[in-house]
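Each chain carries a letter (A, B, C, D, E and F) given by its place in the written order, and its residues are counted from 1.
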């Protein structure tokens, strides 16, 4: 049976959405990812992962899927015509509005499943704002946390395959092979950054960056060795990991 | 070949999106539509119509499809738990942000293809705001204009099948038969309204309404006779009509 | 006795403004109307019509007149020095503030009597926002609905006498003959637009326009045959029609 | 010849409004003034004074009158049903919008002629905001500065006839005798306040107040001795004083 | 014992902050003050005065000191690189947020102790906004009210020593002698302004000004005769006067 | 010589602040930290660390210190009377305003030195917003990154000494021994949280929390073993680490 929240009728919301329900909002982006990937990468991945998770454990954990928010805050790519982005204010407004509306149901948990690293800090801020405004328990999940925000990257990329790099390209080759053109890919790793101890992706000092600060091509990593089989493993790993996380979310009570 | 805007890579935007291109943004809603229809009605219809139009004439007219904005201003249903809505401010912010971003391409035309009647006046306002801010030529198209805003309804509904009524239900039965439950439908026509000469849907006097102002069930019209074959004809008519309109849009120059 | 709301003292509000009262806010504009008309056209007409209506049926229908809001959203004329306009945000703020204040009285009905077509969609949006925020029953009335928003125009203007055209000029000649200079008027009808089936004033597709999109003179219609006697008939017709509408408004209960 | 700004046509703005022109915006309020005065007091006075000033010296000093802004920030009377007020944000938006629009003409000077004391500090702030945003020279003029903001009051009112007191009531009796009912007036002077050296109207310490902080009747002063002849003298004095001020304004260059 | 509000622990707030407590927020600025003074002048003075007042009468009057808000609205100096300023909106937001938070304690009085004249009108507006929103009794105190807002200046400066002039420079020489370089000071008095009767600092007509409107050096007054001994007297006078005012504030009840 | 930015005069800014200069803004908070610590903890630590860093390497690295922003976004403690906090919107406004102002100097680098973990994600978002708006290179530095955002905590606290725990209490005992009352401290570690693999501080899933979600006392960690000598080592370690980071910041060019 459908686990899409909006396949419910209005009156069904009262029956089916209860205190055990968790509402899942996939969030993607429409933004340049270099010449080898389409602009749809982030929302495709967010939606595919979310669907797979809900298919796998939705019934068991009482998950409900909202339509994907395909456009979000991609202003690190504002320089690239075609990137369609919301301002920080607008995206925060969208999230607070959705939180306010979800809180009119009996559900007590809202998960943001985010495919776009550039949203991470704003979504993290939104978790608290929504919780304070509505009382909802709020969570942020990434298909795979980008290294810039504490995740991991391959050694060969010096930990900097954060936008259009090996992993993301591989996952997308698994999901939409026809939309990837590896012949256009090159190594775009800001090597010198790796020499820094503090001011580097995942270092103790964060820094503001635009995607063309490193190279005019605007992607960061080395997708040249991307491979759909690696992508499949990463995708399935992300899904499995999030399924596990969803079980913790469904039971989460702040350690009380 | 794909006519999805976000299937383009960043560099391809520079080649493929030109002064002849028209960008199409489908807009739907997640809102209660009575007990016989799911909350997804408006975004499903907007997306299906948009896809059909772009499939039919996208190549010829150089149309490019953005991902559907599935959540919009549904505050006439704010009383109904499960309706997920953006405030007027937030939706205007989303539209202005998208307009600003589209204007960084060479495209000169942006079409809002709107499946939710409750957005109509705000989107109309946005047309001018975006044009003034960016110079884009902006257009608003409806799969079928709701009677409340000047469209037509069936005689039997006294011109008031504006939300979950005969036509909308029929179209949805054509598109997603499994998600309609006609056994729950009833006639919900505010008959007395038809006696008014001025203050009525489509009359000379507009009025502010919430969907439960007329009846606690929150839908307006008589879906009891809904029929997928009627729905098919309406859907195909809407697509044909919009294809014709898109040709005018592609050539539009203010009559100069 | 005075039916001006603000001729009441504070304590009188408690006695005189009751659940049967309807509050009327005339809304005009200060914006260019071509070389033959002053910038005051819209607020003069709104105020004159509102006064005539309140004089005719104010006592009978318990109407109360607020001071005219003379400046509103005229940004389609932003290019024309001298046009004094509020942004969409500001005007919405003004309307919501006024709605909030009116809702502190016992009155249950608020009518926006709008003389400026460019406000129409925003005011329509405001009807719902005010209703949702305050519970007021809200209405939008036009002296004569401009064709661009669904009204009618003369045949000779091909349905496009929407700003400074035959009807508006005639009405103004009736009200302020000394402020009209017909010798400066010319035919400014975007003829080619009439050939469109969809993208035209009153067509199925709305479009964003600025008043100089059609012609640098910035008026739209053919005022050359304007005539105070026609103006008198149109003015009196508008007043009579609105008086009739006010009776429906005073009795309006959503057809329940 | 008319000195109303909006009696000009769009093209006339280019000819008639020049670098010597000063634009005058009267600002009033719709707010309770006790049981003896109507809510219209402030906008009537602002408009009458402004008209008299423009009649007297408009031609000589090249003054142009905008329509009166009749509703403004009266939230010290928010407790009183019928007071129609704009929030601080909204009023600031209105003023910045008007300033932006005036700055598209060749005029270099904008005068706010304010009849409502409660606006004073916000308008003062707006003077700088508008100047910084547009380069306009901006001025704030009061028919008579209320004591709370540095003006003077009669001795008998202990300097506290600041809202509906002797002077204001007298001026209004001169302008609209039929709308004043002195039989309802009483002495409403917060006597104990006069004993303060710092925290008092016009003292070294400002304090936030609402009009019912002093007495539930919401007016402050002693209107019982109000007299139209005193009102006439005050009105004519205010007009004469502002005419003199306008000459300084027209020549003002920051003492350079 | 410490009278710094933030030296309290959370639980101590419940014991120590009571209905007799007055919370004091010093407000300064970081803005150019000419070549003879550092940009810190206003926040140093605000903090020193506030500390001295709380030391003198804090225990007796139950005063509690918040950390100084060192950056505020200095946009009259926006032209001068290094001036760090908040917009009017931002500063109002800061004040409303602080008011909201203070109102969660049992304290009923909030004093803004403002060292920067350019904030005066906005802070005055905030007094009412905070009072209306929270019920707090709100007060605005200046170390010495700048002449532009009704204070006094020395005769030799023609009443115009309002920014970096004799008094302010003297007070700062008393407080931070090492940070003053009188050798760079000159007389910067807009003499011609003194000839105006209305449009002058402290006159009946306010005007919008930026600090470089009078002279490119951006200070206003004649600091050449500044003297730490005069500064000491002024400083001690300000402290004594505010101590006296604080006693009135602690007892203030609107003269009821 | 002083390295306080605001000890410069306006004209000195032009000489002393150059393309090699880095501007440092310490950011603290006024928020409850349990019964054993005062509300000032975060701004005291931020200011002490920033001062020590600028004293140590300010001359060498051309650092300039702004006054501490003592109040910031502490809404996870909104439930605790006395916590003085800015909304997310207000704090973002403050940061953007400061960034805009700093960008009028020749400095190219702005460092936020943040003592309050609850600000981290919003400040991270601000880094990009400021960079995109002004071109500044922007950095976020923490005296010690709280575990909730990727830092480390002691083993005994199960990695959860994130607010008023062992380390923070120790550092504060080093800096302000008189303001700490260890006798009131207890162990407040949400033990069960440590069993989670994903949803935990520093786990792959972030969650929205308020400080009383875990325990009504509102602090998180085990300060009972706090010790000024440990505090001294942590403080000096943080200073040394930030000095090292500042050298990287001063040379940072995105690895190009």
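The working rule: a contact is a pair of C-beta atoms (placed from the backbone, for glycine too) under 8 Å apart; a residue touches a chain by one contact, two chains touch by 3 or more.
Just so it is clear, the structure is predicted and the values come from calculations on it, not from any experiment.
When the contact pairs of A-F are set against those of C-D, E-F or B-C, over half line up by residue number only for B-C. Taking each chain's centre as the average of its CA atoms, chain B and chain D sit 48 Å apart.
For the pair chain A and chain B, the distance between C-alpha centroids works out to 28 Å.
Counting partner chains per residue, chain E shows two or more touched chains at residues 78, 89. With chains as nodes and touching pairs as edges, the resulting graph is a single ring in which every chain has exactly two contacts. Contact ring, oriented from chain D toward chain E: the chain order is D, E, F, A, B, C. If you check the complex, the residues on chain F that touch chain E are 2, 4-14, 17, 30-40, 43, 66-71, 77-78, 80-87, 89-90, 93-94, 97-98, 101-102, 104-106, 179, 181, 184, 218.
Across the interface of their complex, chain D is touched by residues 75-76, 78, 88-89, 92, 118, 120-122, 124-132, 136-142, 145, 150, 190-194, 196-199, 204-210, 213-215, 241, 244-245, 248-249, 252-256 of chain E.
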